[in-house]
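I am attaching a structure below and will ask some questions about it afterwards.
Labels for the chains are A, B, C and D, by order of writing; each one numbers its residues from 1.
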Amino acid sequence: MMAVSALAQASIVTAPAGSPAAWAWLLPVVPALSAGVLLLGGRRLGRGAGWLAVAISAITLGMAGWLVTWLAARPPGQRRVTHTVADWISAGELEVGWAVLVDPLSAAMLLLVTGVGTLIHLYSIGYMAGDERFSRFFGYLNLFLAAMLVLVLGESLLVLFVGWELVGLCSYLLIGFWFDERPNASAAKKAFVVNRVGDVGFLVAMFVVFGAVGSLSLTQVLPAADTVAGGLVVAVGVLLLLGATGKSAQIPLYVWLPDAMAGPTPVSALIHAATMVTAGVYLVARMSPWYAQVPGVGMLVAAIGAATALVAALIACAQLDLKRILAYSTISQLGYMFMAVGVGAYGAGVFHLLTHGFFKALLFLAAGAVMHAMGEHTDIRVMGGLARAMPVTAVTAGLATLAIAGFPLTAGFFSKERILAATADTDGGAALLVVGLIAAALTAFYMARWFWLIFMGRPRWGRGAAPIPADAGRSTAPPPPRDLHPHEAGWTMAVPLVLLAVGSAAGGLLTVGAEHGLLAQWLAPSVVAFESSAHLIGHGLLQAIAITLALAGLAAGAWRYRAGPVATSPASAPVVGFARDAFRVDALLRAAVVTPGRWLAEGAVWVDTHVIDGAVNGAARLTRGLAQGGRQLQTGLVRGYALAVLVGAVVVLVLLARTNLTAAVFGALGAP
Amino acid sequence: MAELPLLSLLIALPALGAVALALLPAGAVGAIRWVALAAAGATFVVAVVVLAVFETGEAGFQLGEAQPWIPQWGIAYRLGVDGISLLLVLLTTLLMPLVVLAGWNQQHRTKGFFIALLAMEAAMVGVFLALDLILFYAFFEVMLVPMYALIGIWGGVARRYASIKFFLYTLIGGLLMLVAILYLYWAAGAVSFNYATLQAVALSETEQLWLFAALFVAFAVKVPLFPLHTWLPDAHTEAPTVGSVILAAVLLKIGGYGFLRYSLPLFPEATATLAPALLALGVVGVLIAYSSVSHLGFVILGAFALNGIGAAGSVVQMVNHGLSTGALFLLVGFLYDRTHSREISAYSGLLTATPVLGGLFLVTVLSSLALPGLNGFTGEFPILLGTFQSAPWAAVLAALGVVLTAIYLLWAYQRMFHGPVTGHAQGLSDLTGREIAVIAPLVVLMLGIGLYPEPLYERVNPSVQRVIAEYADVEAADTAPAAPPASRDDDTQGVGR
Amino acid sequence: MSAVAQAVQTPTIPWAAISPELVLFGAGILVLLLDTAGGNRRTSAAVAFVALLGVAGLVVATGEDVAAAVPVVIAAAAILQLALALALSRRPRLLGAVLAVLGFAGCMLAAAWQWWAATDGSLVATETLLSGTVAVDGVALFTRMTVCVAGIVTVLLGFSYLEDRRVHRGEYYPLLLLSATGMTLLASAADLLMVFIAVEILSLALYVMSGFAKRDLASQESAFKYFLLGAFSSAFLLYGIALVYGAAGTTNIAAAGRALAGFEVPAAFGIAAVGLLLVGLAFKVALVPFHMWTPDVYQGAPTPVTGFMAAATKAAAFAAFLRVFADGLAALQWTWVPAVGVLAAATMLAGAILAVVQDDLKRMLAYSSVAHAGYATMGLLALSQEGTAATMFYLLAYAVMSLGAFGVLGVLERRQRKAIAVADLRGLGQRAPLLAGMFALFLLSLAGIPGTAGFMGKLAVVRAAVDADHIALPVVLVLSSVVAAFFYIRVIVAMFMEDEPAELADVPVPASTGSAAGLSAAAAGVVVLGVVPPAVIDLAQRAATFAG
Amino acid sequence: MSLAAGYVLGLAAALFAVGAVGVLVRRSAVVMFMCVELMLNSVNLTLVTFSRVNGDVEGQVLAFFVIVVAAAEVTVGLALIVNLFRLRVSTDADQVDVLRA
């Protein structure tokens, strides 16, 4: 059984005045203001808009660096500081301020966000050149940066939630950036809506937390974990998990991420690979004291992660779109991170988060470069042999492929190994470990397939295009034009590739040193890690198995696709088709959720028009009917009227004579 | 400044404006517009002065005015403002000049149109400021007439049906309320319709339940609360733009305001008993996907959560809904002015054709779906949080409503603004300076309130606490029947500085 | 010694007490005489001169009994009459109208003077007035005021209407004044005998006025129905009076009430007496099911007459109703209050519901008047001074708004020369905004929207009813009001929200000084009573407490 | 109350009923009107009887008033009926139904 680490969380202190932490709130404010400028008047800046955005992004990187340096200089016990800028909402007992929390966890995220963010800003200058909404794109990017920083720095769950939602908004805006095309717009909406489903979990979790603790401030929420009733902690854990599965595209809420590839590729790299989608992991790590109380929930997190890792990897093997493959790969890798944080290996989880940030961003950027070169074509079956035309891209992408596949000594190797080791050290982690290993092998396989079909082999485009097997896929996308001349893009796109490649290769350095690695030690004040007595398998042996699987996967992928796309054998066609349709989850969801929802909506309309308005109109009709009846009595005959008088007289006399009776009737209607 | 009857001015200025318009010749369109704008603008200025004079942190009514009106029946002209009404008055007076501007190019019966607008404003402000129940009722009902005219005269094709439905629904509620008010007066035994006096009346729970029910109909129709909501879609569909704006932005608030100002303080036991049912209705409201019904369902949730968080949130939500829905209808109106079509399906690619309109529309939609950082969230979150503390199930269901809101709003937005430029969108001109000037203040406020709602909350909190304090009493009374709390004794002193 | 014998023995007639009736009656006779003079200047002068002499003679004959001011007032009035007769002898209709207005105004003055004198104590006590048959109390005075207001507005509204329909005959004004005399007498009747006589006076004049359009079948039918049913119901009233006399030994209302106070349930006489009185009065105020004459008669009668009937007759009949039931038979309330409550509820609902399907506006307003009679009854049922005040206030409010509404219809009938249906009003808001606006005001007032007389009236009666622990009736009122609002609104919709049909576009909307003045007066009344009613409420309350 | 008085009152009541039923069943306007007169006169009989029972003259005075009023009613009523007859050439009350519903 796991036990709460003896290493207590450091307490949270107020930032000294004038210290970098006291200025940390500027981190989101600066890009937000810049975003405002760019969105309102960016058009006039022309290409300068992009450079402004890059500059702002670089400034935030600089600020983050300054902040982290300052933080690192403090003793570990003093590395969690807050600073309140202003009140935000004080409704009744609810008091939430605009406050930042700077600690090792947020510092790590800060560096990732601003660092990768800056690179992608830079890359976008080349990538988005010529787009008619150039400045708007950079406005959105800066806005995203601001939102992500709010998410990372938020001192209260509610402020964190603000960032959480705003990154979702930016994701929405950027996925639908080319909104002239309906599918893009639909994908954007889908992303937003699915995320909102997860947000319900987050929201309700906050309600529970507030009910239990009386505050949403992390300063008070985190230490209170062990004073809260167990059931509530479980609830919070599960609800936050729901939120996290939305944002981080885990089962069951992952369906939006593949569609999100409709956005410009830098967006996929920044938001849908490196930063935003890791928010769920960040959230679980942030709330680690609560998860530490209920290891069962942690296992649930890990199980979901593992399942997602496996399912997404399987789907990725059958995809034909170069970005979709990466998207499923992202989902799968996020599953890994969930597995890690689920078993309490926050160091490993965040480590993988960072390394994944590097190599997945790199992969996407490379994919973007390829798409540029291929005239925006995304079907990997019509590519091949691009390494010759685009050497820089091919080399950097190859490095990233190795990294994600877990090739020894790459960043991905270390981080993935850490995660597998953590599961191996967890009670009941055997299943997780096995799934993790299978997924690792699959990852190596589909990434080899991806790389090979794009960069290696014979070109299947241009004049000398190799034929594509007839049944290799059901896509009817038109082939690229015959006169393609792929080439490398400019330096603004190349520099980020190279820098990220360096990160992918050398990211493993973060883990050398101390027992759980440098990063884990750095994070220690922020998270409540688990210690476990379990030891399923020796770490050396595990490493060997992992390496073997990775190499085998890579080799298998490269071998199978050495000559281009492969025709599906009749026996495996249904399976492949099924995977290619992403296991038809979308259709399932449509049938299970969307259609009944529509029925409900139609039912509500029916109730409105028939029952409620029916009752109203019925009352009107009744009145009218009574009136028509009364009309019949008004015959116009004076004798009839006289009769009415006579009858009335009799009625009055009866009423008077039966006073008691009348009083009973009248009294029942009347006086209290 | 202290000597000016500021609150009376708030009612009198638009009323006088309406009278002035009535005296102008119908043909003098220019003069009519400017007089209307001046009247509405001056009212807003006075409202800002009221804001400045208002003492934040005070729970009670301020700037009180009291004059006998019908002394024989104990009816007085009695006004006062607290945190709750202050915000709603500000909202109303802010929107009216914008609405006048939005209706600037009204061609058909211009004079009557602006008279109706100003009359509307006077009545609405009166509703929020009245502290005599008959005066309140009078404003409440009088408001009906100009609104009815706005829908019926300047409305769409099926305007007659819509206006009559609106009129009758509201009238039924109003009349039941009148009976309840009179019963309350009778129970008080004093010749007075003073809010404070009637609040001090001790009623049995049965009486409270009946009276609550009577007021409920009046306010629930206004909110509107399921199942009394079906007039609203008709009214909105048929009303002219400015009618929709007033309807959605201000008129609907009167229901929520009524609950907070009257139902809760007057009938605490009944409220406590019925709160779960009300919450359920609120949830149904949230879940049935008419935007306004849904947003105001939140207001109900907040009010009947019976705690400070929810109630304060519900007041702020009313303001927020006023801003965002007001802006939404204004924008739709601008679109309608250009194309004369309100069908979502008639539009595509508007964001390309009219980027400014599209951008502002998006901000408004996001505010509507309570995106954090914009105003909608600052009201909805406390409401949900407060509701959760008293009825977790309601909060959870309502939180699902948040998803639904996102779905239908984004669906509509996507259909109209995204995609290729076709149909009506072709050759469409973007917003003019006047139109931007109308929307800009609203958008700025959306952002401002989203980032810093404190100015609202710090004014609302004390007043709301006063309302909610009743419920602490109820709980206390359950355990030990004690003497009425001191706050009530203060109330009976009446309004005054 | 019986009352009559006493009257014979001491033939001092308290002229001052009945001066309002005398003024009305005198004006009526004078107009009649001048009309017979047929526009001859010399004859007119002679008639006026003779009238002057007659008045002077009366003053001399009864001099010592009359307060000093009265002869002066009457003489001044006579001189004015003479002057007018000379000036307007070429325009006898105008002369009649002016004299009628002056008569109503004089009546009001006399009533005001009475009020003032009564509070002063210089008037003879009610108990002994005309052997106790006439009461000069607040109810009487207030109702006289209402009747006179209605009379003046009716004259103003009727002049052009009658001209246009070519039925402007000389006897119109005398009949109007005579029926008003009956009404004021009814309002002050303290004896059932006087009630009967007053009812007959006012009815006989109204029968004739209903049938004033001699060639118009509808008008004739209206008169015939009104007459036959009126006589029929009078017989019930009379039978009730006879039974009261038999059971109580007197027809004096107060005395009969005291005598009957002790009777118990099986006393069939008493029940029959109360019941038949109720039938007779309920017929006059048109409570369901005694209302059936109302729509037919209101529809057929010339519109100004309809307005007068709705406004003034109702007020007078309610005054009698109040005096007989709320005052005289108050001790027996346990017998009749439930019954009247049931009738009131039925009246409110039936009136409103039946109006919904009417297309003819006059008929619709007739049904609406039925509903309003139900509302007014609520105040009576409260059996309190508040309730009495509320009923009186309500009737005044109803008088101004119904006169206004019928007045607008009159103007429109002049325009189209036919009965006005809802469809005929289409687009009126654009063609004649002022007229349509006024009509809308009257309709909103009838619907009881705040800011109008109708709202204050409803508030008054509901308040009185709630004060008297009646909760059911206000709820019924609410239901009825909602139904009623529907058809009022329908008219407003037609006026403002529909386009004018082509065939109406060329027809001019007639305007005349009289109708403009009448409508303006009614509209002003509606607004004043709706916005600043305290003075009138005060008057009504004092009237309710002031026993004379 | 003497036995005789009871009989007379009963007779009067019967006459009243006959008159009332007559109004209901007869179609001729003139006859209907006469039935109303019958009702009035039955009341007169009642009044006079009560006057005798009560031992005062008030009832008789009342009866005189009723006679006068009835006379006035006859003048007005007959005039109206005649006028109606002029327009319709019938005194059938059932044909007088232009105004209805």
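Methods note: a residue touches a chain if its C-beta (ideal position, glycine included) is under 8 Å from a C-beta of that chain, and two chains touch if they have at least 3 such contacts.
Bear in mind the structure is a predicted one, so any value in this text is a computation, not a measurement.
Centrality annotation: B (chain centre taken as mean Cα position, compared with the mean over all protein Cα atoms).
More inter-chain C-beta contacts link the pair A-B than the other of A-C and A-B. Subunit A and subunit C have centres, each the mean of its CA atoms, that are 79 Å apart. Inter-chain centre distance (subunit A to subunit B, centres taken as mean C-alpha positions): 37 Å. Here the spacing of subunit A and subunit D, counted between their Cα centres, is 95 Å. Measuring from the averaged C-alpha position of subunit B to that of subunit D gives a distance of 64 Å.
Contact of a single residue of subunit D with at least two other chains is seen at positions 20, 23, 32, 93, 96-100. Across the assembly, subunit C contributes 224-225, 228, 232, 295-296, 471, 486 as residues in contact with two or more other chains. By the definition of touch given earlier, these chain pairs are in contact: A-B, A-C, A-D, B-C, C-D. The residues of subunit D lying in touch with subunit C in their complex are 9, 16, 19-20, 23, 29, 32-33, 36, 39-40, 42-43, 46-47, 49-51, 53-54, 56-59, 61-62, 65-66, 69, 72-73, 76-77, 79-81, 83-84, 87-88, 93, 96-100. Taken together, the subunit A residues at the contact with subunit B in this complex read 39, 86-94, 158, 161-162, 164-166, 169, 172, 176, 179-182, 184-186, 188-189, 192-193, 196-197, 199-200, 203-204, 206-208, 210-211, 601, 604, 608-609, 611-613, 616, 672. Taken together, the subunit C residues at the contact with subunit A in this complex read 224-225, 228-229, 232-233, 236, 265, 268, 271-272, 274-276, 278-279, 282-283, 288-290, 292-293, 295-296, 334-336, 338-339, 341-343, 345, 350, 353-357, 469-473, 483, 486.
Of all the residues in subunit C, the ones that touch subunit D in their complex are 2-5, 193, 196-197, 200, 204, 207-208, 211, 214-215, 217-218, 220-225, 227-228, 231-232, 234-235, 238-239, 241-243, 245-246, 249-251, 295-296, 299-300. Residues 165, 207, 227, 229-230, 233, 288-289, 307-313, 316, 349, 351-352, 359, 366, 371-373, 377-378, 381-382, 384-386, 388-389, 392, 395-396, 399-400, 402-403, 406-407, 410-411, 414, 417-421, 451-454, 457-458, 460-461, 464-465, 468 of subunit B are the ones touching subunit A in the complex.
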